[in-house]
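Quick one: structure below, then a few questions.
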Amino acid sequence: MAQPKIYPSNDSSPASDFGLSPTEFTTLRTSATQAKALAYCPYSRFRVGATFLTSSSDFIEGANVENASYPVGTCAERVALAKAVVEGHTEGFRAVGVSTDISPPASPCGMCRQFMREFVPLECPIFMFDKDGNYVVLKLEQLLPMSFGPDQLPQPGEAGAQGAGL
Amino acid sequence: MAQPKIYPSNDSSPASDFGLSPTEFTTLRTSATQAKALAYCPYSRFRVGATFLTSSSDFIEGANVENASYPVGTCAERVALAKAVVEGHTEGFRAVGVSTDISPPASPCGMCRQFMREFVPLECPIFMFDKDGNYVVLKLEQLLPMSFGPDQLPQPGEAGAQGAGL
Amino acid sequence: MAQPKIYPSNDSSPASDFGLSPTEFTTLRTSATQAKALAYCPYSRFRVGATFLTSSSDFIEGANVENASYPVGTCAERVALAKAVVEGHTEGFRAVGVSTDISPPASPCGMCRQFMREFVPLECPIFMFDKDGNYVVLKLEQLLPMSFGPDQLPQPGEAGAQGAGL
Amino acid sequence: MAQPKIYPSNDSSPASDFGLSPTEFTTLRTSATQAKALAYCPYSRFRVGATFLTSSSDFIEGANVENASYPVGTCAERVALAKAVVEGHTEGFRAVGVSTDISPPASPCGMCRQFMREFVPLECPIFMFDKDGNYVVLKLEQLLPMSFGPDQLPQPGEAGAQGAGL
């Protein structure tokens, strides 16, 4: 995959291709950027902010929450999305914004891409903002091609996907 | 450890030993119980609701959010606490409530006990409600004795905890 | 991304494009397939086997190991790779094989793609075998484009990636 | 819980209370200590080694394997136990050893206690060695009291633990 194009922070045209108004794009960027201030990251010192734009046009924010046992901590994207889910937003997400303090922009880790896969449409744009608000945008299906999803698991009572003797 | 005592749902006296008013106890129980309805758990079909009572006496709720890749999902307790943390509540939690649809009541898994360890005082009571609201209550330090915490990690630049050649 | 091509189980030509001999390819397929029998998956009933071909041409196997607290379990790919790492294989992996009991073949979850990112070359082929041994093959960088990796984290003592006041 | 007693490294009497011979105890300590050298921990610089003594008296080792996305990494105890499980050791573990470079000794994190809960007997001793080989020993049930385990989940087809409408 070629290195994705980095758009300047004030260019909202890619967002409009995904159905976001310029105001929605600006709010998404501002929200994800400000959400970094909510991070608890004494171990990595790597702040991440994330915002999910719901089907009802709410902006729901999160930040990374780390733990002394590193694997027990969680990422900004999962905090924000879990919050959205328990507030009733389980489908139809319109956009995701992720912001860090580096440049070029960081992408969501694979675990967060998988967590999104359960709820976020494959065509949903993920805007990845760098320290200055410049950004890369890719669809979820571009960040997690050939993804593993709910339809691949056996149904209750179904034997098809289990081995003999299980 | 002896099997912990199960209190009837309308007995708020253990809560008062931990400084909660009867109303706060009832609200905690109701909140954790109702939060079960927010769960996304098509794989385990095991609904869990969790509520954290903050130092400012806010009740912050969460529920489990599962994933087709089971290890990628998250538990009610971590959803609620991460939500609390990014809303600015990082210390002084007064109580935690966890509710499931079984009896005797289920306890938080070890991963959630560890996640709490970072923010919740060791003396904080964890109320574990069964399907009827009856409950067991234990302090965090009773659920996670001799816990691993932030003070055991090396400080930045410190070599003491790292091996030769690292 | 177009639906990837499914190769018949006895076609080793794609493997040879990646520098594997026909025998190595067959061993990788057999190993990943047999590793499914090692799975502990009473909850998902979804067996997965995984094999890593190391730079020294060892085949190291793993399978999924689940837990009653679903997020605490782990996947076949991470079991096999962690095993390889603690046996001294931390770079130069030549191929990865993953096998499940479904068709079309399942891919590694996002969390496993991220776990591989730390050790497995971006150009390394991931062979995904279906229940009959037919397969799709993609490079790691195709499964995890624009990945988040070690070089994006702040160095010890470096302030660049941390926010003010951290 | 009172602060647990720290035994000197050459005192094998607590091990003999748990049915380990002095030689087995010494091998467990040496194995867990040496396993630290296998750690991949560039982020925490906190090496951990772990060894599981199986029912067939094999010693199976692991170490922590970290990731740039901290939550994606894994701990020494889970690496060693997953390795044991896929090598066919799923029950009857006789002892666990964990070794770090600090003093007093560190304990397994809550996530690892939960991972062990699935396979390790509640009465199994966990020996926690400090940087000099001195140690604390506690049973799994003392490290994870009132644990959440497999018997608390709904059986396939059972409705008892699921809420209405699930």
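Every chain is named by a letter (A, B, C and D) in the order it is written, and numbering of its residues begins at 1.
The rule we apply is simple: a contact is a pair of C-beta atoms (placed from the backbone, for glycine too) under 8 Å apart; a residue touches a chain by one contact, two chains touch by 3 or more.
This one's a predicted model, so the numbers in the text were calculated from it and none came from an experiment.
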If a chain touches subunit C and subunit D alike, it appears here: A, B
Between A-C and B-C, the pair joined by more C-beta contacts: A-C
Where subunit A and subunit C are represented by their mean Cα positions, the distance between them in whole Å: 23
Interchain centroid distance [CA atoms averaged], subunit B/subunit C, Å: 34
Touching two or more other chains - residue numbers and ranges from subunit A: 39, 42-44, 66, 68-69, 72-74, 109-111, 114-115, 117, 148, 152-153
Topology of the chain contact graph, where touching chains are joined (line, ring, star, complete, other): complete
Interfacial residue positions of subunit D with respect to subunit C in the complex: 35, 38-40, 42-43, 61-63, 65-69, 72-74, 78-79, 81-83, 85-88, 90, 111, 114-115, 117-118, 148-150, 152-153
Parts of subunit C lying in touch with subunit A, wherever the complex brings them together: 1, 4, 36-37, 39, 41-42, 44-47, 100-102, 106-115, 117, 136, 138, 141-148, 152-154, 160-163, 166
Contact footprint of subunit A on subunit D as seen in their complex: 43-44, 66, 68-75, 109-112, 156-157
